[in-house]
Amino acid sequence: MIAAATIALIVAAVMSAARLFYGPTFYDRVLAVNSFGTKTVLFLAAFAALIGRPDAIDIALLYALINFVATIAILKFFRYRTFDVALSRMGSSAPENAGSTQQGAGAEDDGDLS
Amino acid sequence: MSSNHHLVLRVVAKLLIPAIALFAFYVQFHGDFGPGGGFQAGVILAVAVILYALIFGVDEARRAVPPWLVRAGCAAGVLIYAGVGVATLIGGEAYLDYDALGPEHHHGQHLGILLVELGVLTTVASVMLAIFYAFAGRAPDIPDEEW
Amino acid sequence: MSAADVISLYPAFIVEHAAPLVVVVPLIAAALAAMTPGQRPAWLITLGATGASTLLAILLLAQTMTQGVVSYALGGWVAPIGIEYRVDQLNAMILLLVGVFGFLCALYAPRSVDDEIPQSMRGLFYSCFLVCFTGLMGVAITGDAFNLFVFLEISSLSTYVLVGIGSHRDRRALTASYNYLILGTIGATFFVLGVGFLYAATGTLNIADMAERLSGLEASSTVRAGFAFIVVGLGLKVAMYPLHSWLPNAYTFAPSVVTAFLASTATKVAFYALVRFFYSVFDPGFVFEGAFWIWLVAPLGVIAMLAASVQAVFQTDIRRLFAFSSVAQVGYMLLGLSFGTAAGLGAGLLHLLNHAMMKGALFMAIGAAALRFGVMRIEEFRGLGRTMPFTMAAFTIAGLSLIGVPLTAGFVSKFALLNAALERGWWWAVVAIAVSSILALIYVGRIIEAAYLKAPPTRDGVSAARAPAPLSMLIPLWTLALANVWFGVNAGFTTSLACNAAMMLTGDGVCIGPGAAP
Amino acid sequence: MTAREAAEVASPFLFHEIVFLDIAILAMMAGVGWAIIRERRLFVVVMLSGAYSLLSAAFFVALDAVDVAFTEAAVGAGISTTLMLAAMLLTAREARRPAAGMRIAPLAVVAVTGAALLYATTDLPDFGDPDSPANAYVGRAYLVRTPDEVGTPNVVTAVLASYRGYDTLGETVVIFTAGLGVMLLLGLRGARRSKYAEARRQRQAAARLENQLNNSDEDETS
C-alpha cells in the first residue's frame, strides 16, 4: 500500500519536473519547484514508513520548513531584483522604480567580476 | 504603500521563524540519536535569520544579528572546537580525547561531542550568514531584461 | 648540539604533545587574529604563532633524529580507528621548511601589507595567512589520507582568498584567484576520488595501514584508477607541467608577501604529498609498473624545465617571470623523483629546500622594490642596484643560486641531480639540466643587468633617490640570501635532511654522496 | 540490519520496488542534470539545482545514508538556492554560450575522467557487500566499538565527532576559511563597503601614479 503510494509520488514528481523543464512562464517554474519539494517531503515520509526507519521523517520535516524559505527567496528575487528591501515597508510601486533605474545604467555592464 | 501589503507572508514568517530555529536546536541536540549535528543545525539556524531578512529586510536583520557578531562567531566556533582539544591536553590526555573531560567514560565523550558540535554550529551559522550578508546587501548591478 | 640536547630544552608536556600543537597553535591563533579588531595585535599573534610552530617543528625534527618515527594518536584513538599524526624524517623536514618560511614571511609582512591591503582588512588577512600556514603544516604532518585532504583544502581555500586580496592593487587578481579556485577544486576532487577508491579497496584511511593492505591489490583496477586520480589531483597542486596554468597569474597578482610565502611553501608541500603517496602508500614496485615514471613523470619534468624556462625568458613582468621559473624548478624536483633512486629522490628533496630559499628571497626582494617604487617590470628595475643596494644584493645572491652558480645552494642541488642522472645513465636529463640552467642565466641575467648596469630613472634631470627597503623586510630577505650562501658552502645539514628522508623512503643505503661536498 | 535487508525481510517483492525507486530517482536526476547543462538562464538553473538537490537527498535516503541526506537537505535545498540567487545579483542573468573550440577540451577531460571512473568500478566490491573492505575492516570496528567506547546511539556522530573528530575540526576550519574569504573579498556590508574600497583604490592608484612620476622620467602607466 505504502509502496504504491511511493510509486505514485514518484510519478507525480516526474510530472512536476516536466513542468519545471518546459516552463513556459516563470510562475510555472516556481510552482513546479514548490510542488516538487512537497512531493519530496511526502516521498521521504512514505519511504521512511516503507523501510521502517523513522529518521527520514526528520528530513521531510526539514524540507517542509526550508522549501518555504527557498520559495520566498525566489519570488522576492523575481519581484524586487534584490534582497535588500523589507517586504513590510515596500509598496507595490517601488519595484518599478528599482527596475527602471537599472535599465539604462548598466546595459553593457554585466557584473564587475567578469 | 500600505504596510499591510504582505500581511499573510509576515504572519506566516513570524510563526515559522521560531519553528525553524527550534528545529535547528532539535537537530543539534538530537544528533547523538538520529541524523543531524552541528553542520546541519548551523545551516538551519542561519536559514531562520535569512527568512527574517527576506521578510523584514537585510538592514533589519543586520540590527538583529549585527555583522560584528557574525565575524566574531566565525572565529568563536573554531576556538570552541580547538579549545576542547586544548582542555583535553590539559586534562592529561591526547588532543581531542574527550575522556579527559569527564570522570566516567561515556560522560566525557558525551560532553566533548556536545561541545565540539556547539563549535561547529557557531561557525557554520555565522559563515552562512556572513555569505548572505555579503551578497544580499548589494544593490542590483545588472541590466533588467526578460528571462 | 645533539638532537637529545635540543629535546631537553623543551618542557616535557610540549615534548609529549608537539605533534598536534605544531598545527593547533597556528589554528587557534588564526581564530584569535580574526577576532582581534586591530592589525598590530593580529600581526603579533601571527608572528608568535608561526614562531612557536617553528620551534615545535625543530623539536619534532630532533625527535625523529633520536627515535625515528613520532606517532601521535589524535583523540586517543589508535590508528586505523582514529587519525594518526606520523612524523618521520621526510615530514619533519617539510614541517621545518613551512615553519621557517611562515615565520620569515610573518616578519616580512607588516610593511608590505600596510602598502597593499586596506586597513580594515588587515586583521582578517593575517588570520587567513595563519589558516594557510595551518593547512600546509597539517598536510605535512598527517598520517591519514583523508585528513591530508582536509588540510589540503584548508590551505587551498585560504590560498584562493590570499591571491584574491591582491585585487586591491590589481583587479586581475580576482580572475587569477578564480582560475586557481576552479583548477584547485578540480585537483582536490580528483584527489578525494582517488582516496575514496583506495578506501573502497582497503577499508582504511591511515597511510601506513593502507600501504600494508594494498600489497597484493596492485592489479585491481580500483587501486590503479585511484592512483591515477591522486597523481592528477596532486599534480594540479604541484603545478606539474601541463597542469600549471593557474600558477603564473596567481603568483603575479597576489600580494607580495603571499607570493613569497606560496612560492616557498605551497607547491613544496604538494610535492611532499606526491612523494608520500608514491613511496609510502604505493609500493614503488607497483608504481614502476608500466614504466610510469620514465614515460610520464620524467618527460613532464624535463618539458617543464625547458618549456617553462623558455617562457620565463620572454616575460616582462618580473613576478610572472619567476612564476614560470617556479614551474621549471618543479620540473627539476619531478625529474629527481622520477629517477626512482635514493640519489634522485634526495636530490629532488634537496632542490625543494634550496628552491624555497631562492624563491623566498627573490619574491621578498621584488616585494621590497614594489613597496618603494611600485615597480613590477624588468625595465623598471633599472638602477635598483644603486637605489636599493641591500635589496638588490640579496636578490642577486638568490638569482645566482637559482642559476646554480658554485658556492650557492642552487649549485649543490643541481650537482646532486646531475650525479643522480649520471648514476641512472640518463644523459638527456643531464643535457636538460644544463640547458635549463643556461635559460635561467638568461632570465636572471636580464634583471641583474637592468639593476646594475643601467642608470636609475631620472625626473627633471634628478635621478631617483636612494630608498633602501625597511629593516623589517631586509632581515628576512638577508636571512634567506645568506642561507643560500651558507647551504651552498656548507651543505651538510640540508643534504643530510634530504638524504635521510630519501634513504628512509626508498630503502636504499646510498644517497647523494659525491654531491654533498662540491 | 541495513534498511535494504529490512526491506527484503519485510517483503520479497519490496526489494525490487526499491530498486525501481532507485532507478526512477536516478533517471530524474539525470534528466534534471541534463536540463541544467542545456539551460542558459541562470535563474532557471538555480531552480533546477534546487530540484536536483531534493532528488539527491531522496536518493541518499534510499541508500540509507540519512545523515548525508540531512546535510543535502539543509545545505542544498535550503541555503544554496538563496545564496545562489544572492550571488546572481552581482552577475549576468544568462550564461554565455562558449565558443565551439572551447567545448572540445572540456569534453575530452570529462570523457577521460568518466572512463577512468568506469574502469575503477570494475573491481569495486558489490554494493552493500558486508564483507567488502570498507564495511568489514574499520567500518565494522566503528559499529562494534561505539556502544562501549563512545556510547552515542548514532554511530555516524561517534565517528564524526570522536573517532575522526580531528577531521571535523578541519572541516570547521574549511568553513571558517570560506567565511574569511567572503569577509575579505566582499565585506559584510555589501555595496557600502565596496564603494569605500573603490574610493580607497582610486586614492592608492593616484598616490602610486604620483610616486612613479617622482621616480621616473617617462610615463609608466601604459
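Order of writing sets the chain letters: A, B, C and D. Residues in each chain are counted from 1.
Quick note on the criterion: a contact is a pair of C-beta atoms (placed from the backbone, for glycine too) under 8 Å apart; a residue touches a chain by one contact, two chains touch by 3 or more.
Just so it is clear, the structure is predicted and the values come from calculations on it, not from any experiment.
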| item | value |
| --- | --- |
| Central chain of the complex, centres being mean CA coordinates | D |
| Chain pair with more C-beta contacts, B-D versus A-B | B-D |
| Mean-CA-position distance for chain B and chain A (Å) | 22 |
| Chain B-chain D separation of Cα centroids, rounded to whole Å | 19 |
| Whole-Å separation of chain centres (CA-atom averages), chain B against chain C | 36 |
| Euclidean distance of C-alpha centroids - chain C vs chain D, Å | 29 |
| Multi-partner residues of chain D (each touching 2 or more other chains) | 43-44, 66, 69-70, 73-74, 78, 82, 86, 89-92, 162, 165-166, 169, 171, 173, 176, 178, 180, 183, 190 |
| Junction residues of chain A - those touching two or more other chains | 26, 55, 58-59, 62, 66, 69, 73, 81-84, 110-113 |
| Residue list for chain C, restricted to those that touch at least two other chains | 27, 30-31, 34, 74-75, 77, 127, 174 |
| Interfacial residue positions of chain B with respect to chain A in the complex | 1-3, 5-6, 9-10, 12-13, 16, 19-20, 23, 27, 30, 34-36, 40, 44, 47, 50-51, 53-60, 136-144, 147 |
| Residue ranges of chain A in contact with chain B within the complex | 26, 55, 58-59, 61-62, 65-66, 68-69, 72-73, 76, 81-93, 98-100, 102-103, 106-112 |
| Residues on chain A engaged by chain D in the complex (per definition of touch) | 3, 6-7, 10, 13-14, 17, 20-21, 23, 26, 29-30, 33, 36-37, 40, 43-44, 47-48, 50-53, 55-56, 58-59, 62-63, 66-67, 69-70, 73-74, 77-78, 81-84, 110-114 |
| Chain D partner contacts - residues on chain C that touch it in the complex | 27, 30-31, 34, 74-75, 77, 80-83, 118, 121, 124-125, 127-128, 131, 134-135, 138, 144, 146-147, 150-151, 153-154, 157-158, 160-161, 164-165, 167-169, 174, 190, 193, 197, 199-205, 213, 220-226, 228-229, 373-374, 380, 457-460, 464 |
| Residues of chain B defined as touching chain D within the complex | 27, 31-37, 39-40, 43-44, 46-47, 50, 54, 58, 67, 70-71, 74-75, 77-78, 81-82, 85, 95-96, 98, 105-106, 109-110, 112-113, 116-117, 119-120, 123-124, 126-128, 130-143, 145, 147 |
